[in-house]
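Everything below concerns the one structure shown next.
Each chain carries a letter (A, B, C and D) given by its place in the written order, and its residues are counted from 1.
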Amino acid sequence: MINLGIIGAGRIGRVHVESICTQVPGAKVKTLADPEIDGVLICSSTDTHASISIEAIEAGKHVFCEKPVDHDIGKIKQVMSALEKHPVKYQVGFNRHFDHNFQAVQEAVAAGEIGQPHIIRITSRDPEPPSIDYVKVSGGMFLDMTIHDFDMARFLAGCNAEEIYVQAAVLVDPAIGEAGDVDTAVITMKMENGSLVAIDNSRKAVYGYDQRVEVFGADGMVSVSNDTTSSAVISNANGVTGEKPLYFFLERYMQAYAKEIRSFVNAIQEDTETPLGIVDGLEAVRMGLAAKKSLEEHRPVKISEI
Amino acid sequence: MINLGIIGAGRIGRVHVESICTQVPGAKVKTLADPEIDGVLICSSTDTHASISIEAIEAGKHVFCEKPVDHDIGKIKQVMSALEKHPVKYQVGFNRHFDHNFQAVQEAVAAGEIGQPHIIRITSRDPEPPSIDYVKVSGGMFLDMTIHDFDMARFLAGCNAEEIYVQAAVLVDPAIGEAGDVDTAVITMKMENGSLVAIDNSRKAVYGYDQRVEVFGADGMVSVSNDTTSSAVISNANGVTGEKPLYFFLERYMQAYAKEIRSFVNAIQEDTETPLGIVDGLEAVRMGLAAKKSLEEHRPVKISEI
Amino acid sequence: MINLGIIGAGRIGRVHVESICTQVPGAKVKTLADPEIDGVLICSSTDTHASISIEAIEAGKHVFCEKPVDHDIGKIKQVMSALEKHPVKYQVGFNRHFDHNFQAVQEAVAAGEIGQPHIIRITSRDPEPPSIDYVKVSGGMFLDMTIHDFDMARFLAGCNAEEIYVQAAVLVDPAIGEAGDVDTAVITMKMENGSLVAIDNSRKAVYGYDQRVEVFGADGMVSVSNDTTSSAVISNANGVTGEKPLYFFLERYMQAYAKEIRSFVNAIQEDTETPLGIVDGLEAVRMGLAAKKSLEEHRPVKISEI
Amino acid sequence: MINLGIIGAGRIGRVHVESICTQVPGAKVKTLADPEIDGVLICSSTDTHASISIEAIEAGKHVFCEKPVDHDIGKIKQVMSALEKHPVKYQVGFNRHFDHNFQAVQEAVAAGEIGQPHIIRITSRDPEPPSIDYVKVSGGMFLDMTIHDFDMARFLAGCNAEEIYVQAAVLVDPAIGEAGDVDTAVITMKMENGSLVAIDNSRKAVYGYDQRVEVFGADGMVSVSNDTTSSAVISNANGVTGEKPLYFFLERYMQAYAKEIRSFVNAIQEDTETPLGIVDGLEAVRMGLAAKKSLEEHRPVKISEI
């Protein structure tokens, strides 16, 4: 039995507690003070992730850390150093790797079903923007929201990014612009395997959480659409109408959240690599910082510049 | 906390145990001998359903009984009599009422979104036939498999059936015919509200469990398609290919099984009606027996004849 | 160059004139008095089909006759006798054989892609009922509208029907019932190859012309959906909405009408069999009459009774 | 009756001749020498478009010119000057404006159904690359193939482009790279109304001609999928398989070709503006040249630089 402590009592922390209680056999939640704690889930605010990670690592506890590890590359490298000295399990919370749809795409690509990937398209749009207070501390849309898409590009391409270019704007809410951020973006990347990536983001899709990917390759294409509550379709004088996508990440990724914790627990139990390590956390942040630089300097930016 | 005992250690019994342990807050599984048992789930073979039901009812235990309650109307009426004397909660295991797709259809119909229902189409095909040994004790396809569709017709139309006509054949496996049963059927019904029903059944759909309904009415149509593991679609030189339907009932209805037990537990906790009572169990069996009679006598049979 | 005369100046006659002028190379429309007329298209009212057919056949003209050839088996047999003496080309206007979707289904079935057919489902619903005046002379829904579906069952099964059972009602408009007809039906058939058929009909689908078929067989299923003006889908706060089916037969089958005339002209030019002969016209009417008998006598009726 | 002469006897010239003969009432094809010629369709090689355009304009003939008008802005401006002196009708052959799917999208956007456009996604992939000989004289992928997508962006956004950035590669065939061209691209644009555009191109999609667009706006999204020969779907042990997209532009855009010629003829008959004038031809070429410059200089390029 693996004993896990949860740090941070926000929405995502509660999601993990519920998963562990009902869907993660072999693990249970304990208070942090308990000396029998095997690992911690860091679900507190981003600015605390790195320091708590290091503390936990040094105490010999396994760590599951929500994304992003930090907005600062230096701090992530400190976590890496700690891990070198104390090789506990470390997993970053890129939950979309565990989504049934994206897994099916990744598996098809990895199995060679579409041949060498040429073009990866990622659509990622939220149903509504966060509060302006949150926007101000979020690190900007690229480190807060697009970071999942950067990670997705790596997941699907099976390699790192080489270069990034951002075209972005404030189209949803001028207050987001006043807070120094953008809310709409089209992002181009070149991956190390030569494939090209097009990401499009919006902070507000009135029809719900829009999360689709498509990988086009030498031998075909694999794509996924959104999930809905049911497949019900109503045909009437107004048209043929199906349901909107599931509303937001809690609805869409509930199963994925449980799966990522099971994979973390499993890595502890079996003493194997976690599926998403500190390097994955690092690379996604580098891409986010490159995106910010591209927007500021209005030019394509090499990841190696970061 | 509601304490539940499970009778029958087959596949469906194990499904319910797992649901209760992980997805039914407020209930737990206890051994049957435990005097604190509040209710029982009868998951044993059909021929034992009625007598165990009566025993449990007389002992003041709430009962969740797998379908069908019995193949014999007389025995179901004995259960009804026992319930009159000992008014415990009684729920029949028509799990499809709790499926997200069929619920969406039923809610659309009940909300009047398609107007008065005119035509109800139900497709229900298994991925593979049961063993011939099972076929022999199953009561025949209509009481074993189609009974779910009979219940679905009542669920969607919101009323009882009036008349039934069966056209059936042995097209899948001659051994099924030798065992005295059929494996393929097209069934017509007239419901008490005047709507017409077309059910089609097969014991073997090579592409998986095919479970679809469509209700056509004065103001429109509502329909649902099958569920799949993911929405992944591969486009290549051979065509554009999506996933097959989920393989069989355990895959398709896992969530529905948990929901039906939650609703049973809830009815106990809140002292409300169960959503599917003994009358629902009775009516579906009457339809099954009418179907058998229609096949034998090659004519439309009124439900009132049963 | 094949010279064709058109009899009947209604809607369908005008459709054929337009097809011949723009989409049937090798044919042109001439007045009926012209001695160079090679063939005639009979698009007048049903009660005139047989006598005009016979007249034309005896004059050595090829005949394309709209469906149904007649409501009376005897008169159809007179046409057959005329054809035996004067073997001109004779084609019945079952245009749906030439629809791109139904052709794809028929070809898949004929090519063995789904194995032996077990269940054939045909949905055929009009967007609005005809006038009551038309209903009165139509011969009833089965000979006027369902006759296309009877023909479709033969087309897809590749054989004749053996038995038919009708469950029908007046649900759309009581005036249709007062005129002695029905407007909603679910029809079961058994075909000579053992496959079972379920047809459902309505005179009024508020969302447009609903024309779908599905053939389920030992090795799989092939199905088609409706055509629309475009594939445009709008996602907004109300749902995900696509276009309704094309409104009615002129919109849906315009290409099929041109193709059937091309096939008729081709049979004349190449001196080959027409794809739909008088026997096809006869069998569909027999099925329609069996359906009427089944409704009247409330029992399954063998086609051999007609 | 409008008399039209065709210049160029290639594939597209033959398409227009067939359209005029069968689907453009009120127009006929005449030889070029005929003094009664009202207009010409220029379907010869791109390097001849401008000079033939000018000759025809000066002779007072209306002109329909295939895209692109020229690879050189100066020559297009010469055509514009000729038109100022001799105001005949001039239409550029951007056939996709007349495609039923793209028209539905454009109409939805123009009608405000999705609100202010924020993101426009255009996928445009050919089934196979042209010959290397053709690649060498094509002006490069952006002026030959992507030019349609540049025009589509203007059509859907309802305004001109402001800036463009290209990420492109040779992933399909090294010989294309040796000929100095690319075969795969992801292109970002900013339009004058602030909307962002993502185009993705490939010279080789093994599943056929992939032509989709999606416009996402403040109040919703409108998208279209590919056309197929039929809606037939086969479900079997391998999955659920529909047809591939129509093979290439002749299959996909046959109706659009006829419609664009009808609109040209109509503009002559009614003395109205053609739907696609010389300015549309000019703007698309400017975007193509900006794309080339962006690729060469590896930076975002303003359209005003061209």
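The rule is simple: contacts are C-beta pairs under 8 Å (C-beta built on N, C-alpha and C of every residue); 3 or more make two chains touch, one makes a residue touch a chain.
Computed from a prediction, not measured in an experiment: that's the story for all the values here.
Determine which of the two chain pairs, A-D or C-D, is joined by the larger number of C-beta pairs in contact.
Between the two chain pairs, A-D has more contacting C-beta pairs.
Which chain has its C-alpha centroid at the greatest distance from the C-alpha centroid of chain C?
A
Rounded to the nearest whole Å, what is the centre-to-centre distance of chain A and chain C, using the mean of the C-alpha atoms as each centre?
That gives a centre separation of 56 Å.
Quick one: report the Å distance separating chain C from chain D, using the average Cα coordinate of each chain.
40
Please output the residue numbers of chain B that touch at least 2 other chains, ranges allowed.
Chain B, residues with two or more chain partners: 205-207, 210, 219-221, 235-237, 243.
Considering only the defined contacts, which chain C positions touch chain B in the complex?
116, 118-119, 121, 123, 125, 163, 165, 167-169, 171-172, 184-190, 194-198, 200, 202, 204-207, 210, 216, 218-221, 298-300
For chain B, which residues are in contact with chain D within the complex?
Of all residues in chain B, those touching chain D are 205-207, 210, 235-244.
Using the touch rule from the top, collect the residues of chain A that touch chain B in their complex.
Checking each residue of chain A against chain B gives 22-23, 100-101, 103-105, 108, 113-114, 219-227, 229-237, 243.
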